[in-house]
Structures are given as C-alpha cells and as structure tokens.
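You will see subunit A twice below: alongside subunit B first, and alongside subunit C after that.
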Partner chain A sequence: MKIENKEVGRYLVVKILEPRMGADRAASFKDEMCKLIDQGHMAFVLDLSEVNFIDSTGLGAILSILKRVGKSGDIIVTGTSDTVGSMFKLTRMDRVFQMFPTVDEALAARV
Partner chain B sequence: MYLPRMTVIVESRLDCVTLAGAVVRAFCIASGASEMESGQVEVCIMEAVNNCVVHAYHSEPCHAIEVVASLQEGEFRFEVCDQGKPGNPEMLRRSRRHLLDLDPTSLQATPESGRGLAIIESIMDGMEYVSTAGKNCFSMTKRITCKTHK
Partner chain C sequence: MKAMILAAGKGTRVRPITYTLPKPMIPLIRKPVMELLIEHLHRHGIKDIAINTSHLAPLIENYFRDGERFGVRIAYSFEGALVDGEVQGVAVGSAGGMRKIQDFSGFFDETFVVLCGDALVDVDLGRVLQFHKEKKALATIVLRDVPREQVTKYGVVELHPDGRVLRFQEKPSIQEAVSTVINTGIYMFEPRIFDFIPSGQEFDIGGQLFPALVAANEALYGVVEPFNWLDIGSIPDFWEGTRLLLEKQLPGFELPGQEVRPGIHTGINLRVPWGSVNIQGPVYIGSGTEIGAGATLIGPSVVGSGCVLQEGATVRECILGDYTRVSSAAVLERKIISGGKCIDPNGKYLDINESQIGWIVDDARKQMQLTAAEAELWEQVMDQVTA
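Coming up: the complex of A and B.
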C-alpha cells in the first residue's frame, strides 16, 4: 500500500496513494498504519481523495485502526468521493468517523 | 432482441478480484447505469468474489470464479459461481442488515469483518444462492433506471 504522510500539529496526515482499498490491499494498509502507531502516532487525518473504491475489507481495515488507537487516539476521514462516501454511509461508519471534505477543513476544525 | 450479457472468469486470488469488479462496473456504465449505481454494483461483485476466494476455495489459487452480468427489461442480473466448498444455503434466510448497525460507544466489541453480505443485501434488490452438481452460484438482481433503456 503506497501512502505518504506529514505531521500537522498533533495529527499525522496520511494520504492513500492508491485508487482501491479492497481485500488485496487491506492487510498492507493495516501494516503501514500499525507501523505509524508503533512510532507513537495516535491521531490521524486519513486522506482518501485518491481512493475511488472501497469494500467491506477496506472499511474493516480502517475500523481496526480506530480500535487500535482507542479512545486516546483520533482518526478523521477526508476526501471521500461520492461512491466511497456512500459506503461509509451504508455501513454507518460515517457515525463513527469524523468526516470532512478536505484535509484543510479537517485540520482547521481540529488543530 | 439484443440482451446485453457478459462473462468474465477470474482466478481465485484476491489480487484478481479487482478485474471482475472493474469489468462488471464497465458493463453497467455501458448499459446506461449511473456512476454511483455502477460503483455500488462493483462493490457487491467484489464482496461476492471475495467470498468465493476465501470461503469456497480457502484462499487457494488456480481455481476459476465465473462472473456473469446481464440486463433484461431494466433489471441487471449478476451471477458469481465457483466449484469450491458449498456455502450454507440458509445464509440468506435471515436479513443481515443489522450487522451494519454500528454502536460508536462500543467500538472495541465491533467486528471488523463479516459485513459483505449485509452490504450486498442493502444495495441489491434480490439475492439467491444455489449449489447443485458441484457448482455454487450466488445470484443478485438490481433494477436500475438506465439512461439508454428507459
């Protein structure tokens, strides 16, 4: 899973650089995120603006990261396309994650 | 009368599942479905093919998964077939939509997987699972208002 990240305040902005988050990418996404958590990062802005497909496995991987950081951490989801956003709504994950249209809007609200 | 229909066969590997979903999505768009509807159909195809890879073939490669998409009188029909271990036909008897009810206050108890069928149930209008003569077929139907088939 190709990602890029940068620190802004207490948040690490993680941008997914691949267009799909399906079963063949979910495990490597979790691995990459767990490495960042192990480095001490607990608050993330997850930029999905390059992602145009997500299935239950991809959503489950993001949920697993939220569970991993627990209540002391934070994950904000940004940049979802209409199709990806519809999957968050369908699975009610839009109730679990704070969602913003862009990274800048998320950071303006939180940092 | 011309009936749009296509078949794609993919190997039982998770990195091959993408192909099945992408081809069916292209079929839906070419048949007049919207980008959003086609994207949601793609998710359902991916979920169904993932289930074949993981449950029917236990992630063993080199098996065939056949995906058939067709359109008749405004209704799309999709079949995902394998020749692996049959699933439990009872799995569709009860609604699984409750699996999509997330409780933000008890996240640690929330399973990370197992939502595939619930997603399909929410998106599709009908589902059927038939296992006969060593072939397992999961069928899904969805009525879509196609631009070219009004």
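Coming up: the complex of A and C.
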C-alpha cells in the first residue's frame, strides 16, 4: 500500500496514494499503519483524496487502526470523494470518525 | 379528439433509473407517470391514443395492453428492431414518430393532442381546444409561466400579444430570456401539420418542425394556461416531484392506500410493531413490507412493496423501490434505491453489487450473506456507536 506521510505538530498526516481500498490492499494498509504506531505515532490525519473505492474490508481496516490507537490516540478522516463519503455515511462510520473535507481544515480544527 | 403520447425516449437524464425502467413507467409514489397521464386524457373524453415506444417497450406495452382497463384504446408504434433478442432503438424523433403513424394508417384525421410521456399534467385540454379553434391554429403549444430563475432549464417562447409564436430560446440565461413562458411539451395539431413533416427521416417537433412553421409564417400559436405540472425529466426533478406529492402540495393528487396514522399511508399486509418503531410522516409504506423493532423511518419517504427494514435500521427521506432490504447496520439518508443502484438526489449513484454494499441495502429476495469482513465491521461499528 503506497502511502506518503508528514508530521504536522502531534499529528502524522498519512496520504493513501492508491485509488482502491479493497480486500487486497486493506491488509497492507494495516501493516503500514501498525509500523507507524510502533514508531510512536498515535494521532493521524488520513488523507483519502486519491481513493475512489472502499469496501467493508477497507473500512474495517481503518476501524481496526482506531481501536489500536485507543482513547489516547486520534484518527481523523479527510478528503473523501462522493462515493467514498457515501460509504462512510451508509455504514455509520461517519459517527465513529471525525471527518473533514481537507487536511488543512482537520488540522485547523485540532489546534 | 385523439392523442399521441411520446414514450420512445431513452431517458438519459434520469439514469440510472431508466436503465431498467422507461421514463413514462417511473412511478410517482405507486402509479407510473403515464398512467396518471392516461387518466387525465380519459377525463377529457379522449379515447384513442397512439403511443410510440422503443426503449424497454415491453414494460410499457405489457402494463397498458390495449388500454381497456383504463377506459381508452391504445395503439403502439414500435420504433426499432429486435436484434438477437435486444431492442435496438431507431431514432425517428418526436415529429418523425408522429409521421410514422400517419403514414401507416392516417390515424390523425382530426385535431389531435401530442404529449410527452414524462410529466404529470392536469391542463384543461378543453380550454386549449377552444383557443386553438378560435385562432384557427395549425399548431398550438401549451405554455406555462414559471419564475424567472427557472427559465434556464427550459425552452422559452416569445409570443405576440395575439398569441402567435414569434420565436424560441433554448435554455437561455436569466438575463437573455425574452419571457418567462416555457414550452411544456404539450401540443395541439391539425392534420395539415404533416405537410411540414418529412417521411423516413429523423425530425424533431421543437428543434425542426416549429422553426419551419415560424419561417413559413404558418399559424403557430402559444396558449398560457395555469396548471399543475410535475416534470420528471431528471433525477433531481423526480426527487423533488415525489416530495411534493408526499407533502400533498399537488392539488388533485390523492396519496394511495389508507392513512393508518396521521401522515402515514400504507398498503395492506404489513408487519410493523407500531409501538416500537419511530415512523414520522409523510410516508407511504407499500404492501407486504416488514419493519423491525427499533427501526426509524422519517418522511418524506416512499417505501415500496415487499420491503424489509431490519431492526434498528435508519431510513430518512428516501425513495425505496419494491423489495428493498435495509439492514440493521444501515443509515440511509436522502437516497433513491432502484434497480440495484443507490442514487443521490443529484443523480450520482453507486452500483450496489460493484460497491459491495449489499450488506447495507439490497434486494429483499436475496438471501443475506455477510462476508466475515462485513460481519466484523457491522459488529465493530455498532459497538463504537452504542459505546
């Protein structure tokens, strides 16, 4: 799973560079994220602006990362397209995650 | 007086609904638009109706058959060919469709009405006929006055004070528009109109016939009538139209079924634990539908027949086609579910199979089978939400 990350304050902004977050990519996404958590990062802004497809495994992967960072951590989801955003709303995931249109807006809200 | 209903179009602006339903068969609450149209024609004493069909023709022809059930007599003019079991449309245009019927049998032997099959109208055709006769018109267009902000969607018509059509403007800007009266796609013609429609080629009423009449200085008139008009030419129009009907804002339109509670109309054979569901009207719930305890249904909404709303499901301002199942994990807000698609009011949509959201919303007749990932996601999301 190709990602690009950069630190902004206490947050690590993780941008997913692949268009599909399906069953085949979900596992490697989890692996990448776990590596980052092991390095000590607990607060993430996920940038999904390059993603145009996500299914249950993809959503489940993001949810499992939320569970891993626990109450002291944070995961904010940003940049969802109409279709991906729809998936979050249909499955109530928009009530589980804070969501913002852009990374900048997410970071501004947390400062 | 005879009539023709134009029902051969592909309905491209109402996709994806029109992938599986021809536009005139799109139901407004429960009745296809064209049925409401035929009822209207019947009320005006019109008995003989020609209907041109092409796209998904059998869905129209098998429903209306010879029209006897509706008190009329229908003849279909099928435009296209069956190739390897598939209907291939042959475009002849709206005026071309009229000409095809006239060439076939000379059907239009007196003043006749032509309507588009995709709008609900209750215009007083008697008054239109009176105007048409007084003016000795060759063709009369029924026009409607709309708020200036809306002219950009329509064909605007400029009239001489005596009612003659001076010119047309297709979808003008608000500033450019020369008037606020628009072409409603309802026309009255004399048989002499066929002198202006060539045989065997594509010919359109608005784009070609009318300009030809204006250029030839023929008696083309427009009459502005106040009437109720529900245009369902696009997904947003269909969405707004349905809401209008549910909110009882179209005079003369009766909601089907029985009002079992204020604002809640239903069919029969329902399984609804009224004490333990949260249902707020205006809603219509179709026959044979099951709603589980703890489910939420907020109007304006239409739930088709044979639907299932599982325990705890949330449906808010939706139009659900027949046999839709909404699972407990789902939150459906402002969606149209039709033909295997989950459609937003702006027309964007997801294919349920391709997006793999069958575990959220799907056909109620399918056995529900969650993959391990879906079951886990469901559990986790419900944990987090109720925590």
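Here is the rule we use: the second predicted complex is superposed on the first by the 111 of 111 C-alpha atoms of A that agree within 3 Å, B and C clash if a C-alpha of one lies under 4 Å from a C-alpha of the other, contacts with A are read in each partner's own complex, and residues count from 1 in each chain.
What we mean here is this: a contact is a pair of C-beta atoms (placed from the backbone, for glycine too) under 8 Å apart; a residue touches a chain by one contact, two chains touch by 3 or more.
Here the structure is a predicted model, which means the values were calculated and not measured.
> Once chain A of both complexes is superposed, is A:A43 in touch with subunit B (first), subunit C (second), both, or neither?
The answer is neither, since A:A43 touches no partner chain.
> First (subunit B), second (subunit C), both or neither: which does A:V103 touch?
neither
> If you tally the residues of subunit A touched by each partner, is the higher count for subunit B or for subunit C?
Between subunit B and subunit C, the winner on subunit A residue contacts is B.
> A:I76 in the overlay: touching subunit B, subunit C, both, or neither? Say first, second, both or neither.
Touch partners of A:I76: none, neither subunit B nor subunit C.
> Would you sort A:M93 into first (subunit B), second (subunit C), both or neither based on which partner it touches?
both
> Considering only touches as defined above, state whether A:R20 meets subunit B (first), subunit C (second), both or neither.
Only subunit B is touched by A:R20; subunit C is not.
> Determine, under the contact definition given at the top, whether A:D55 touches first (subunit B), second (subunit C), both, or neither.
both
> Under the stated touch criterion, which partner chain does A:L12 make contact with: subunit B (first), subunit C (second), both, or neither?
Neither: A:L12 stays clear of subunit B and subunit C.
> Once the two structures are superposed, pull the subunit A residues common to the subunit B and subunit C interfaces.
In subunit A, residues 23, 53, 55-57, 59-60, 63-64, 66-67, 82-83, 86-87, 90-93, 95-96 are touched by subunit B and also by subunit C.
> Using the touch definition up top, name the residues of subunit A that touch subunit C in the complex.
Per the stated touch rule, the residues are 23, 53, 55-57, 59-60, 63-64, 66-67, 82-83, 86-87, 89-93, 95-96.
> Mind listing the subunit C positions that touch subunit A in their complex?
329-333, 342, 344, 348, 350, 355-357, 359-361, 371, 373-374, 376-377, 380-382, 384-385
> Touching residues of subunit A toward subunit B in the complex: what are they?
It is residues 20, 22-24, 52-57, 59-61, 63-64, 66-67, 70, 82-83, 86-87, 90-93, 95-96 of subunit A that touch subunit B.
> Sort out for me which residues of subunit B touch subunit A in the complex.
Against subunit A, subunit B makes touches at 14-15, 17-18, 21, 35-36, 39-40, 42-43, 46-47, 50, 53-54, 100-102, 104, 107-108, 110, 112-116, 119, 122-123.
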